[in-house]
Amino acid sequence: MSKRYQKGLEQLRLMNEKSYNTLKANLEDISPDLARFVAEFPYADIYTRENLDLKSREIATVAALTALGTAPLQLKSHIKGAINVGCSKEEIIEVIIQMAVYAGFPAAINGMMIAKEAFEEMDEE
Amino acid sequence: MSKRYQKGLEQLRLMNEKSYNTLKANLEDISPDLARFVAEFPYADIYTRENLDLKSREIATVAALTALGTAPLQLKSHIKGAINVGCSKEEIIEVIIQMAVYAGFPAAINGMMIAKEAFEEMDEE
Amino acid sequence: MSKRYQKGLEQLRLMNEKSYNTLKANLEDISPDLARFVAEFPYADIYTRENLDLKSREIATVAALTALGTAPLQLKSHIKGAINVGCSKEEIIEVIIQMAVYAGFPAAINGMMIAKEAFEEMDEE
Amino acid sequence: MSKRYQKGLEQLRLMNEKSYNTLKANLEDISPDLARFVAEFPYADIYTRENLDLKSREIATVAALTALGTAPLQLKSHIKGAINVGCSKEEIIEVIIQMAVYAGFPAAINGMMIAKEAFEEMDEE
Amino acid sequence: MSKRYQKGLEQLRLMNEKSYNTLKANLEDISPDLARFVAEFPYADIYTRENLDLKSREIATVAALTALGTAPLQLKSHIKGAINVGCSKEEIIEVIIQMAVYAGFPAAINGMMIAKEAFEEMDEE
Amino acid sequence: MSKRYQKGLEQLRLMNEKSYNTLKANLEDISPDLARFVAEFPYADIYTRENLDLKSREIATVAALTALGTAPLQLKSHIKGAINVGCSKEEIIEVIIQMAVYAGFPAAINGMMIAKEAFEEMDEE
C-alpha cells in the first residue's frame, strides 16, 4: 500500500469514507486499480492541498457535477461529502439552483432531485 | 426599467460591472433583451439570494464553467468576478486544478490558461 | 404570488400544466423557489415572447434536449408539450432523427426511446 | 458520384451551398470522404425527408448547436442556412435566447454573438 | 432493402448482431428508418472502411462513449462488440481507466460499472 | 523531483515531449503543480500501464477528445503523439471520421481540421 494511497484513505475518512468503500467494493472484481487511483489522485494529491478549504472544495465539486449532469451517483456522494465537511443543506441547495444559470434549468432540477435523495438517505442513517 | 433590472445592475456593481457593460454593448444591436435577462435572472434573482456568500457563489461558477469547457469568455469574467468579491488567486487556481478530477486534465489546463489571462488583464488595469 | 409567476402558470396551462405540477410537487420540500423560477423565467419571460410560435419553440427545445442527452425527464415533458401545442408525432420523430447528425446516433436513439415512452403515456391518458 | 451524393448537392443548393463548398475545399487534401458523407447522410438522407419543413429543421439545428456550444462554425453556417430557407432574423434570435433555459446563459450569449457575425456577413454579401 | 442496408447487416453480423436486433425491435413501432440508418451509415459506410482495423475502431468507440457519458446502453453494446472483434477484457478496462484523464474520474467509474455489466451478461450467455 | 514525475517525463520522451515542454512553460508562472500532475498521473500512472499498447491508447485519446470537442489544443498534441507512437495519418483520419457516428458531424469536421493543422505542423518540423 503506497504512502499516497494511505494518505488518500485518511482524507476520505474526513470526507466520505462510506461512499469510497462502496466504490471500492463495486470495482473490486473488475478494476481495483481504478479504486486505488481515486484514493491516490483526487484524495491524496488534490483534496489535501492548501489554499482552499474543504467546504469550498465540495462546493466546487457539487457545482461541476450538477452542471455536467452525467454523474448522478458521484453528485450524490459529494452532496453527502459536502455535508460531512460542514456545508449546510441550504448552501448546497443554493449551489444547485445557481447552476440553472450556467448549465440550464434541467441540470439544476436534476441536481436538486439528487440532493433530495442524498438528504433523505443521510436522515435515515 | 424594471425593479429586477435595477436590482441586477446594483448587484453587478458589487461583482463585475465592467464585464456586464461589455456584454451589454455587444448585445445592443442584436438582442438587448438577452442582456436585460442576464441582469434580471442571474444577478437580481440568484446572486442576491441568501444562504450562500458571494465568494462561494463565484467558486461554484468558476468550477462549473471550467468543467463545461464551452464558455471561455464567461469563465474569464467570473474569474475576475471571483477576485472582486474576495477570492484569492490561489483559491481560484485550486478550484481549477480540482476540475481535472471531475472533467479531465484538458478542462483544467484550458481553465488555467484562461485564469492566467484574467490575472494578467487585472494586473494591467 | 408575483405577476410573473401567475403569467408563467397561465402559459404552462397552454403548454404542459401536468408536468409542471409534478415538478412542483417534487420540489416542494426541498426547493419551492426553483419551481417558482421555472414558472417565472422560462414560462413567463421566454415562452410568452413574440416572433416565434410555440410549435417552433417546442421543436427547438426537443432538439436541444435530445442533443444534450442529459435530461431525459425534461425531454419527455417537452415531447408531450410539443404535442400539446400542435406538433404531430411525425414532426417530433423527424427532429429526433435529425439530431443523429449533430449529436451522434446514440443521442438520437436515446431520444427516440423517450419519445416512444412519451407517446405511450399520452395514449394511455 | 453516387445518386445520394448528387441528391445531397441538390439539397445543399436549396439550403447553404456556399458553406458546403468551403467545407469541401477545406477537407479536400485530408479527407474528401468526410465531405462526401456530409452531402450523402445529412443532406441527401435527412434534410430531404418529409414530415418536417426545412424552416423547422433549421430551427432544430440552430437550437442544438447553440445548446451544445462546441461547434461555432457549424452554428454560423446553419444560422445562414436558416435564413436561406425562410427563417427571419427575429426567429433565430428567439431560438438562441430560449437556449439560456436549457443550456445556460453562456451558451445563449455565445450563440447570439455567432448570430451577430452571421447576420453581418450576410448583409455584406 | 438497399445494398447499403444489406452491407450494414453483414457487418453487424461480424460485430454485434444481437444488440442491433434489440435496437431494431425497440424502434420498430416508432421509427424503423432510424434503425435502418444505423445499419446503413455507421455499419455499411464507416465500419467497413479500410485503414483501421475493427479492434481499433471499437477501442475508439468505447473511449468516446465513456468520455461522453450520455449513452450507457450504447457503451454496453460496444463493449460487447469490442470483445466480439477480438479485444480482451483487459484492453477494454485500460481504455476506460484512461478516460479518467480526459473526461474525469466519474466518467471512468461509470464506464467501468457498465463494462462490469457487459462482461457479466456475456459470461451468462 | 518525485520518482513518478521522473517516470512521467521518461514516458513523455517516448510520446510527446515537445507538447509537454510547451505546456510546462505555459503553466510555469501560474500553476507548476498542474504541469507536474500531468506528468505524474496521465504519463507515469496511466500511459505506462500494461495490457494496452501505446498506439491503441492514443487512438482512444484522439477519439475521446474529438468526441468531446472542448479541447482542440490537447487534441492536436495527441494527434502528434499518435503519430509519434506509430499511428499512420490514415488511421487517425479514420478515428476522426468515425466520431461523426457517436458525437455528430460537427465534432468530426472540427477534429479533422485540427488533424490537418497537426499534420502540417509535423511536416514543417
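Before moving on, here are some points about what is shown:
Letters are used for the chains, namely A, B, C, D, E and F, taken in the order the chains are written, and counting of residues starts over at 1 for each.
Just so it is clear, a contact is a pair of C-beta atoms (placed from the backbone, for glycine too) under 8 Å apart; a residue touches a chain by one contact, two chains touch by 3 or more.
Nothing here was measured: the structure is a model prediction, and the numbers come from that model.
Of the pairs listed in D-E, C-D or D-F, the one whose interface repeats that of A-B, with over half of its contact pairs matching by residue number, is C-D. Residue numbering at the chain C/chain F interface overlaps substantially, since over half of the positions present are found in both copies.
Mean C-alpha position of chain E lies 23 Å from that of chain F. Chain centres here are Cα averages; for chain B and chain E they lie 39 Å apart.
Computed centre separation for the pair chain A/chain F is 28 angstrom, with centres defined by C-alpha atoms. The residues of chain C that reach two or more other chains are 33, 37, 41-42, 49, 65, 67-68, 70-71, 74, 93, 97, 100-107, listed in rising order. Contact topology of the protein chains: fully connected, every pair of chains touching. By the touch rule above, chain E contacts chain B in their complex via residues 67, 100-107.
By the touch criterion given at the top, residues 41-42, 46-47, 49, 51-52, 55-57, 59-68, 71, 74, 88, 90-91, 93-95, 97-103 of chain C touch chain D in their complex. Taken in their complex, chain C has these residues touching chain B: 33, 37, 40-41, 45, 49. Residue ranges on chain A touching chain E, taken from their complex, read 23, 26-27, 29-31, 33-34, 37-38, 41-42, 65, 68, 70-71, 73-74. Of all residues in chain F, those touching chain D in their complex are 68-70, 93, 96-97, 100, 104-110, 112-113, 115-116, 119.
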